[in-house]
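We call the chains A, B, C and D, going by the order they appear; numbering starts again at 1 in every chain.
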Amino acid sequence: MKVTIIGASGYTGSELLRLLVNHNEIEKIIPTSRVYKGKPVSSVHENLKNIYGEKFVNPKIKEIDSDVVFTCTPNGKAMEIIPGLLERGIKVIDMSADFRLEKEIYEKVYKLVHKCPELLNKAAYGLPELFRDKIKNSILVANPGCYVTAAVLGIAPLLSEKFKGKFDLNKIVVDAKSGTSGAGAALSNFLHFSEVYENLKPYKTTDHRHRPEIESALKRYSNIDLKVSFTPTLMPIVRGILNNIHVFVNEEDNFEKEKLIEIYEKFYKDEPFIRLTDVPYVKNVVNTNYCDIGIDFDLHGRRILVMSAIDNLIKGASGQAVQNMNLMCGFREKEGLGVVGGHP
Amino acid sequence: MKVTIIGASGYTGSELLRLLVNHNEIEKIIPTSRVYKGKPVSSVHENLKNIYGEKFVNPKIKEIDSDVVFTCTPNGKAMEIIPGLLERGIKVIDMSADFRLEKEIYEKVYKLVHKCPELLNKAAYGLPELFRDKIKNSILVANPGCYVTAAVLGIAPLLSEKFKGKFDLNKIVVDAKSGTSGAGAALSNFLHFSEVYENLKPYKTTDHRHRPEIESALKRYSNIDLKVSFTPTLMPIVRGILNNIHVFVNEEDNFEKEKLIEIYEKFYKDEPFIRLTDVPYVKNVVNTNYCDIGIDFDLHGRRILVMSAIDNLIKGASGQAVQNMNLMCGFREKEGLGVVGGHP
Amino acid sequence: MKVTIIGASGYTGSELLRLLVNHNEIEKIIPTSRVYKGKPVSSVHENLKNIYGEKFVNPKIKEIDSDVVFTCTPNGKAMEIIPGLLERGIKVIDMSADFRLEKEIYEKVYKLVHKCPELLNKAAYGLPELFRDKIKNSILVANPGCYVTAAVLGIAPLLSEKFKGKFDLNKIVVDAKSGTSGAGAALSNFLHFSEVYENLKPYKTTDHRHRPEIESALKRYSNIDLKVSFTPTLMPIVRGILNNIHVFVNEEDNFEKEKLIEIYEKFYKDEPFIRLTDVPYVKNVVNTNYCDIGIDFDLHGRRILVMSAIDNLIKGASGQAVQNMNLMCGFREKEGLGVVGGHP
Amino acid sequence: MKVTIIGASGYTGSELLRLLVNHNEIEKIIPTSRVYKGKPVSSVHENLKNIYGEKFVNPKIKEIDSDVVFTCTPNGKAMEIIPGLLERGIKVIDMSADFRLEKEIYEKVYKLVHKCPELLNKAAYGLPELFRDKIKNSILVANPGCYVTAAVLGIAPLLSEKFKGKFDLNKIVVDAKSGTSGAGAALSNFLHFSEVYENLKPYKTTDHRHRPEIESALKRYSNIDLKVSFTPTLMPIVRGILNNIHVFVNEEDNFEKEKLIEIYEKFYKDEPFIRLTDVPYVKNVVNTNYCDIGIDFDLHGRRILVMSAIDNLIKGASGQAVQNMNLMCGFREKEGLGVVGGHP
């Protein structure tokens, strides 16, 4: 099978290449880049030296010859490209936000006019744990945002029937922490090493674009409306997201940690990439496609605490994209995603 | 003036030495240590080489000859030592938790019987911004916990009359992040470099001892009962605490960021060590006695967000102790605390 | 095939497990630990949760039933165990220093009496790039030290005929930099996070035990005596070694960078785990079995500069051990070692 | 006294401001910046919030009214500005390389034509430990490069009479390690957080511009010609330089570590900012004006090892500049430089 990565010079493109060179079903990977056209991929992604010898190309969209295309393009750009790919029978996994939200929400949040709203219904939301069947049958998958993946996987089990009316749907705090790779390869003072090391920096403290996506994905899954209070902080690490999710339960309802864990275990019992753990540490998921989840109950504060950790570039981006491709193409779901994290 | 630091080989002792060697009112600093008795202080705290030439001593309590003593001892140990010091007219600043809480709460939280409960009322709670007058007139000051300092300074302005009834007193989330120095110099796998770097590790996720201290300090200040939901996460940095504090306002009340900032500015207008800033970054307070505070309002989540940052060893421990000493002894409040943080 | 890892609770044991769970020729891995006997391996190595479900065992040596044993024991301990294993026809890869040196050098450097010197000749020195044939035919392999691997791979090409007499064999500087994982999981103040972060710490500045091993390995390979000046510095990272190797050429001889690179390329042309690169960065080899090597010529200082980078736990320990096992057992040399490093 | 900092928005400007706001002889500091003209300094250097309230200005050179000017401008720019300042009787401390080298060397290394070579002789080389008297009597001081400061202070004691002919003057290796702040605030992929963290990156491996400056400064001091082999590596820390200096002694000469230390102690015995220590750690000098130096002798390799550590922004730049200003203006040499480093 042949795949093309549109925009392969950035960090999600890099991670897709890293995963796909060891994927048994892929014969050929075509990396595109306008800026680096003609240069060896390994001159930009030096980790691939002696492993992947191709050069960046810059084909026109209609010249792309592939079974699957990953679009690692800026928001707003993907929706210009994708219709043409789908018309030619190419399956698409979009890493941007263009197909993740309803038209109205998208246009409000991203301040762009959607150019192919008729495709929004056809796009599956690419979180396999919640939307596996739809993904399997789709030709277009909207790969979720990184914070969103960790938050939604942490909250979803609480939206089942047995929790109904037991916690405050409007006061869910997601206090999110992310490494710098989530912000990509583009240079900025915010990401300059001397400004990040030994530092903790909250940013977009009440208006991050992943907040509406969390609510939208959970609504899509459960048909429940909830309000998430989302604040991210930049961490002085490269990879990893940790979301501490605080959920307030009603006065009359009590929970026990063990029972909560059981519920989560049941919910995720057949999932290959979810691990329930006492307290999730970012390091245990780095370089893997796992989402590690820990649950606690705070009797004093009457609060369920869910902690979820992922590698933002893998389960939060490229690993999940490969998982989606595997589902769309009928491959083994774990194919290419067997890398084990290290200790230390 | 002469001061003794009991337990000067640890990190709070180290930081006291660092601050006091440049303090214009201090003539002599006596550092005690059982383990390092007879060894040069600069063999343990190499930063002090050529600056501070004394050796550790290990006097009996009744031999201590000083105007002020700082007790950097484990919880439970300070209360054995302090009565004897006070009797001899020595002022004491206790860095442990022994005099921070009411008897009942202390005994429950620390699982110890208090040995001199009669002194608890005499002890001032050493947060100058809220209890300056009491501190000035005290011979015993309980120096606050590090997380507590940042949390209480962030929340206190919300407890004034004008906020009464406007937010949910029982659903205050303090999502706390701390560097490793707060956990001290004692070795543990949890603090081994290979286990901390590139990692984020929540710990004591619902039962950290600073939670009751936050509530107790705020009650002491305002006579208001509130419930704090506290979860700390260990950060891969050495110094610094960042508390993201999430406070839910009632449905009918709206706030504006600018108004909130004004209220905080008014509240702290004469404070030498509080800085209001758009978004506080840990790096700006490291090596200083400042607490930087940022405030935001989240209209969607109906949430006030307060972010407070300190250097856990300075405003969160030894700097605040020096500030307390200055108040107790009638010195200039900022004496010895003028160090400016760096950029970068 | 069955393998046993003696001492599987440390970092080299951890890394062996990580590599072997994905090794296609291994059916069963038996992890031993005296301290953690009976506990799940994933309670110590949390990265293995849901991946490897075994518990630590603590068998007597004569009860060990395996085709291959990896001994991750302290220096001096391996030589007590290994003869009994070899007698029973078990192949052994020793991660300690016990079989890396000649008897006299070993006893002087490690201040221990060797207990089975008769085995020293039978042991292959486990650096496949230089001793592949001997390894293939051995039942005992001494896995090289981490700094040694990077240094020897960097220097060896200079010992060929064409360089004879052209550089100063007695003034080879190896200025080595290593992450903390090379020092293992044992706690120490030297490795306490607060003491390592934001710090650079030279150590064992003229008497590190890997210095004689570098000289011995190069002598074994080339029969040339040389003197290495070795100084290591602890870096505030977890994984990775970078050796800057400075070699002074004679007054009358000039080299060109391009020519030197050609010589290295020729020397390593069929090696699966050596990559020649302009300037090696540690990050490109982390999590992989590669040794990246860069070469430069300094006309002013009349100096060849060789820079070699490895992941100290993989090519510097467990990855190389798996490579050796593959050779000893007739497996594909790269089996189990195909992990690709990430960017970033 | 009034001082102007030309180019105060960068890191050396920032550090000058940090030091000068606490300098007892300075009444007014005027910060210039073309880019940030009119903006509060604390909007760029947030550490200065509530401490330093001025705004950046952008005066013409002839409008500058100050006793001392620090020029933090790019190489090549300072020499355009400085003649006009000197003419008006203003003392100048130049942070660039424009006045550090002889004309021929400067023009070759920096590939620029020098615009005021007649001033080169008037400029003192601003390393007080070696050129204090000249600095005291100068109106123009060339502030040394950061690597140069650490290297020259490490090597200078070896150039005294008693070492004459005892070591190889042409084979001095300076293996240098630096934090990122030495490369300044300008954005680049090389300094992007995701590319630096967990990484070690050699750069300008045989042609760094500080190499000729090291040789030139030592020649200026001792009239001895020597050849330095210089290779720097970028470290994943913000502040600090560690130079490992390897010096080969002749076959017939032996040294002892203790004797070498004595020589260094004698050489630097009255120096306020030199500390001799067993092994220098970068952390002990960060935030201070100290240069910590350790010495060892390697009998096997016949090598003197000198390790020198500084904070590149303080002793390596702005602190040394303040020290020079103190000398030029007849102030106490340590004024403004009393900050004590922290542990941890």
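We take it that a contact is a pair of C-beta atoms (placed from the backbone, for glycine too) under 8 Å apart; a residue touches a chain by one contact, two chains touch by 3 or more.
Keep in mind that what you see is a predicted model, and the values were worked out from it rather than measured.
Taken together, chain A and chain B share the touching chains C, D. In terms of C-beta pairs in contact, B-D outnumbers the other of B-C and B-D. The centroid of the Cα atoms in chain B and the matching centroid in chain D are 37 Å apart.
Centroids built from CA atoms put chain C at 46 Å from chain B. Those residues of chain B in touch with two or more other chains are numbered 11, 181, 185, 194-195, 197-198, 236-239, 281, 283, 344. Within the complex formed with chain A, the chain B residues making contact are 168, 170-171, 173, 175, 177, 194-195, 198-203, 205-206, 211, 227-231, 233, 235-240, 242, 244, 246, 248, 279-283, 286, 294, 296-303, 305, 307, 309, 344.
Of all residues in chain D, only 11, 179-181, 185, 187-189, 191-198, 236-238 touch chain A in the complex they form.
Against chain A, the residues of chain C that register as touching in their complex are 11, 14-15, 18, 21-22, 45-51, 181, 185, 197-198, 238-239, 275, 277, 281, 283-284, 287-288, 290, 292, 313, 338-344.
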